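Below are structures written as structure tokens.
Each of the next two complexes has subunit A plus one other chain: subunit B in the first, subunit C in the second.
On to the complex of A and B.
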């Protein structure tokens, strides 16, 4: 089994804003494109033009309906990828050391050269965040775009994960969650960011910002002054109009 | 095992080269950075410098690599060898294909040019395609607006000189309250998402008004699950509340709208309801200083609203009084409309109050002086930070034009149009109806048309009628049935051509429109019309069909000659201010596409950009403008046309780098223009000066800037049409006034629907049937990750949206005892389908819906014939008819808006029954033979191995 580092210098991860995510799948496909062409084996697709196509994706968006006790049902879009846990069970379960967590920045990666495709890590991950590539026979997972974020051939502004760069609504943020002063940590603090399934004890680095309360219509009587009638007859309305124009 | 870390290459080379062009995975036209390795597309991401998407990119855009390599790409010109609709073709050479087209088209031009009907679908080159059709001389040209969103576009132009999306946008940086009406998850894709992100980041409020709570409506702070087709009722009720409370911007209304313009009220006059004008034709208002009628634009005039004016015994009252009288009526009270809208009255009051609070109590002010067209100087720019956006959800109903008008009226009464925090126009808009052409529809053998086909009619005199009163156009655009059909009626072309009503045609020439599948109402019937033969001669009723598409779509099988187009990464294009622009509210912008990879179809005759083919055909046919003085082709190809064509002296398709490269807007053609665009990232952006950025229709600084750029030839200030006088002119005709008279059977409908002030009436289809028999509204939405048919050939996108259940609301689901995996029969007055269903709680209780255009015909798009899109996917189109159910009067009544002719897709009503799960969705059609074979089984795509 594989050891986790005792300590990581940074905790790089994502902050995903569930109040803003419109469920457009832009992050899903940007990730698919980048990671097909870059790190390791391409993300393959089986039966690509057939009855039931299925392929490897490192990031998927799920949608859940929530029906509150009172008020209208809501739809929450929930993008999910590896959460780069501090206590990553997918690493400790790996029989070959292929799964590992970088001590420098906490990113959890698979060294494909050592991966035997046993699938134990996917079983161990409580989030279902790893996918076995059917063509390459190796385990694939979010790399946090480790080949972008330090890439000196890219302009500095582009050294962020592909999913963050592409997100049209600005619902995805990247940074060091180990630094309480970082923008992402501040955002988590301000918006009450949460861990996914904390009871699993995995200490995920990625955080989710919960949806803000919805359908909180202010009481009509609070807004009533805004609709106080200016007159109680058509003649009265014209009189108000005349006076109002005089004041312009 | 100890903690071991391999050494990683953290700076791998991303690409050999980045080529910047324009996306075409949907209609939004974002900028993309195409990364190439060894000449192949390796990765696509958003262009950070592009005005539309500012670096971000949606799922479709990022999946472009699977489009440019799609196995469904056509490879060579095709000639039909089997019966129409079989998909049996042989590949032919380009010379043969072009000669065939010329042999068909040339004799028609010399005898009866109207017998060529040229309609383009999701065409982004209408400036060229319409010019070609004008030169050919057929009146029968339009693009797809008639079945898309013409109600929204036309109502916007007629009311205020522009609508949403390409015409204008919310002031995303300043608005504090956004209302989204009937916006599916698309247009405009990335800008709305970027904008919503900005609003969310600063805590501004978003209210979604839509029967379905998905996508943008899912993240809205508040959702109003309105009953389809009743948006106009809701909006007019909001207007009622605001008027009653005096929460309207009177200063704005008197200065910038026709609220003060005097209207003739003489019940006996042929001018009843028309404006009082002076000898020069200027609209008159009552000046509060002098008490005299005065031209609306006279310097120093202080227009009044509260008093009428009597002249020669005739009462004239300001528009505003007619408007107040109508909407203050208790018929428009929230309590009177709540049930029909499916919204509690208290919520309508609350929404009106919130609009009033934000518009007036949270008004903003920018310290920027400006001058208006009357010569008045304003010290600051006042903003009312309420913005609205709407699209097809309110547009695709038979009451959509008046509903869209009502929405613009609401914005204008609040004073939120072209002000900080409100709705802002994007150049070349604002542009009032008067500044657009009138329709031209008079064909003469061998001659070009006198002017553009499509335009804005200002009264019965502008209708496209032949001397005998019959329609001049095959789609019956600009006739009494739909006088203001500014985008034509593409959805009526096949039906009318098949019926020979108003006349027969010879050649149907289509580009990029899947009319044999998801773009037609009543898909099965359209397939029959396309294959129907004359029993006597055995010839096809529609004798010849030429089609251009890049992919093996359903429509390909129904054509006789296929001119294969390139994919979007293999072609030149211009995103032009003469066409559908991509400007921003504070800048004019245009862009190009260019072949970032060469079209490569090894072993086949290859493909050509349709626009280049059209230019070639123009030259071969000898069309004016397409032939040089020496008799040779005027343009080598589309790129040459983009560079050298001048629509007016100095004005060409692209505004940037003109003349010696330093001129913008106006300037001689520059042979290096495309190279300059490529070097500039494929775009050109020209900013509007600070003092000209708001109040554009009235702001002299904007008007002068627009003239300098070439958008106008002279300043054209105008006022907004709360009251739309051209509508009243049609009503007058229907009342018996004037030379041009409608047929009697249309008089009542014209009187009732062409009201010069916005009205609401029930959608026609619901009014024509027993609604208890068809109790549910049925809608489609386009998902964010799929565009029309195009996405289904995309190996990545079809994994996201490969299936489309019919979503049913909770009450219906429970009443029928539906469970996961169940199927239902869905019946409309026009047909039935059998489809898989799913439950959705966040849905109007009387509405069912599904994703648009997921269903596919077997054998198309290079998919296996057991692809889920072909076995479980389905279209609602089978349930929709381009005509209303028969009324027993022997007449054909079209299922369209009576003002614009917009296809009323969303008036559909159905009933639902649970049935035993069948083997596949119904109707099922036999497989088409694929002209391109099938895609590979598996993909592991990596170009830089």
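On to the complex of A and C.
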């Protein structure tokens, strides 16, 4: 059913801490590893060992450079996967009913047996969260590891998405963002979690925690004032050279 | 967006085919027998040929029947339903006209309405996408539908409607280009809003996720050919609208000039449709530093 549910009982999703992410891509590898051999068609690669390798990924880590008005530039590693939007535009455009949003937990899924591979859902997604698998001809997307989180054959500690389970920095959190008392909701409230491209009106469930402000020099050490050796005007030989060159 | 040949061929030929169906359904020209046979053959070859071409870009064409189920939410599904309904109704109308010399106007009007609905549904598939600001406004359906109607009138040999529609469609085409050129900036999508980091400073894409290309880049971050955009626009406007208009207004223009007008229109619309996709910028390009 491509009609979005009026209400979902829970809003399962991810909270991604841009302050903590070190850009190691472990989540990308864990995601590909789990999802290539579980839910649906494998995540194929093309020309994997050739000159122009390409493949299907449900999670990719970008890196951005942010240059503030004053101060040093900052590098922000930016993992991006399906945001399981409340107003998911990818679901309503689907002509076959293969794309759907679950009313019980809000997870957006693709029933691959119904997918005709038209690609319109990928066009409708502003975030690039859906990728057509070149080998299987069906649309692949993050399932929030629906085959892990409810899987009672796994130890309880493993019943979370593979990307969250593997993150060595603790930059990824999984939980119910519809429950204001949940750990993830409180984290979002405490850290001022944000939506990506809110002007698209998609109401993403996944939230991003912005990087925290960097330390400033004043806070470094009480000895810091004694550590300012830089002379604006050169002295000694360099000073003579500077003056001599000026006179030329 | 990637200007996939199958989608360009589909929207161009099907547009023309359903445009012709509308005029045949309205009884302009009012034809029966062999003349009707040739008219309907052309309309069906264009419309069905276009639909077949569109099936080629599917990953699983064998499941295409499922696309008729979600008409209550999906414009693509509505298009499929409307197209088949139009082809069926017009098929009955055409068979009666060809084999029995019988025209049932009400059936023709219904077929024309369904054909128009098909054109609108096709246009709405693109118009609905907020992710492609160049398409996401009212001129997109006006452009696609008016061009299809102009082509239909041209094929149907309706000189007065064709000249009015060619002029209107040509002006709407120019409007669609000029409005489209500023839509991305007006929509306010930036790398800052895409990453949520814009309030902290100037955001620049430092490193893409992978060194190789991917589906998103191939499908939605297509940039090749934009340097010829202006030349192609002039060719599209000239061949698609201006030249056919001049040709059909030549006094005593017969089948030869009419035929040249149709071929010119078709070439122009192919160029226009290529630009429609190649110039359309998807917001996901922001994440790859491709929309500055």
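Please note the rule applied: the second predicted complex is superposed on the first by the 216 of 248 C-alpha atoms of A that agree within 3 Å, B and C clash if a C-alpha of one lies under 4 Å from a C-alpha of the other, contacts with A are read in each partner's own complex, and residues count from 1 in each chain.
The rule is simple: contacts are C-beta pairs under 8 Å (C-beta built on N, C-alpha and C of every residue); 3 or more make two chains touch, one makes a residue touch a chain.
Keep in mind the model is a prediction, meaning the values are calculated, not measured.
Peer 1: Between subunit B (first) and subunit C (second), which, if any, makes contact with A:62: first, second, both or neither?
Peer 2: After superposition on chain A, A:62 lies in contact with subunit C alone.
Peer 1: I'd like to know which partner A:242 touches here: subunit B for first, subunit C for second, both or neither.
Peer 2: After superposition on chain A, A:242 lies in contact with subunit B alone.
Peer 1: State whether A:3 touches subunit B only (first), subunit C only (second), both chains, or neither.
Peer 2: The answer is both, since A:3 touches subunit B and subunit C.
Peer 1: Between subunit B and subunit C, whom does A:166 touch in the aligned arrangement: first, second, both, or neither?
Peer 2: first
Peer 1: Tell me which partner A:192 touches in the superposition: subunit B (first), subunit C (second), both or neither.
Peer 2: In the superposition, A:192 contacts neither subunit B nor subunit C.
Peer 1: Using the superposition on chain A described above, determine whether A:136 touches subunit B (first), subunit C (second), both, or neither.
Peer 2: It touches subunit B and subunit C both.
Peer 1: With both complexes overlaid on chain A, does A:21 touch subunit B (first), subunit C (second), both or neither?
Peer 2: first
Peer 1: For A:52, select first, second, both or neither according to whether it touches subunit B, subunit C, the two together, or no partner.
Peer 2: Both partners, subunit B and subunit C.
Peer 1: Scan A:125 for contacts with subunit B and subunit C and give back first, second, both or neither.
Peer 2: second
Peer 1: Identify which of subunit B and subunit C touches the larger number of residues of subunit A.
Peer 2: Of the two chains, more subunit A residues are contacted by B.
Peer 1: Shared contact residues on subunit A for subunit B and subunit C?
Peer 2: 1-3, 28, 52-55, 57, 65, 67, 73-76, 94-97, 114, 136, 211
Peer 1: Under the touch definition given earlier, write down the residues of subunit A that touch subunit B in their complex.
Peer 2: It comes out as residues 1-5, 17, 19-26, 28-30, 32-34, 36-38, 41-42, 44-55, 57, 65, 67, 72-77, 94-97, 100, 102-103, 109, 111, 113-114, 135-136, 146-147, 150-154, 157, 162, 165-171, 211-212, 214-218, 220, 223-224, 226-230, 234, 237-242, 244-245, 248.
Peer 1: Sort out for me which residues of subunit A touch subunit C in the complex.
Peer 2: These residues of subunit A touch subunit C: 1-3, 18, 28, 52-57, 60-69, 73-76, 78, 80, 89, 92-98, 114-120, 122-128, 131-132, 134, 136-139, 194-201, 208, 210-211.
Peer 1: For the complex, which residues does subunit B have touching subunit A?
Peer 2: Residues of subunit B touching subunit A: 1-6, 8-14, 37, 42-46, 48, 53, 55-63, 65, 71, 185, 189-190, 193-194, 196-198, 200-201, 213-216, 218-223, 225, 241, 243-247, 250-251, 254, 288, 304-307, 320-321, 324-325, 328, 346-347, 349-350, 352-354, 356-357, 361, 784-785, 793, 795-800, 802, 810, 840-843, 862-864, 866-868, 871, 934-944.
Peer 1: Would you mind writing out the residues of subunit C in touch with subunit A in their complex?
Peer 2: Per the touch definition, subunit C meets subunit A at residues 1, 57-61, 63-64, 66-67, 69-70, 72-77, 80, 125, 128-132, 187-189, 191, 193-197, 200-210, 212-216, 219-220, 282-284, 287-288.
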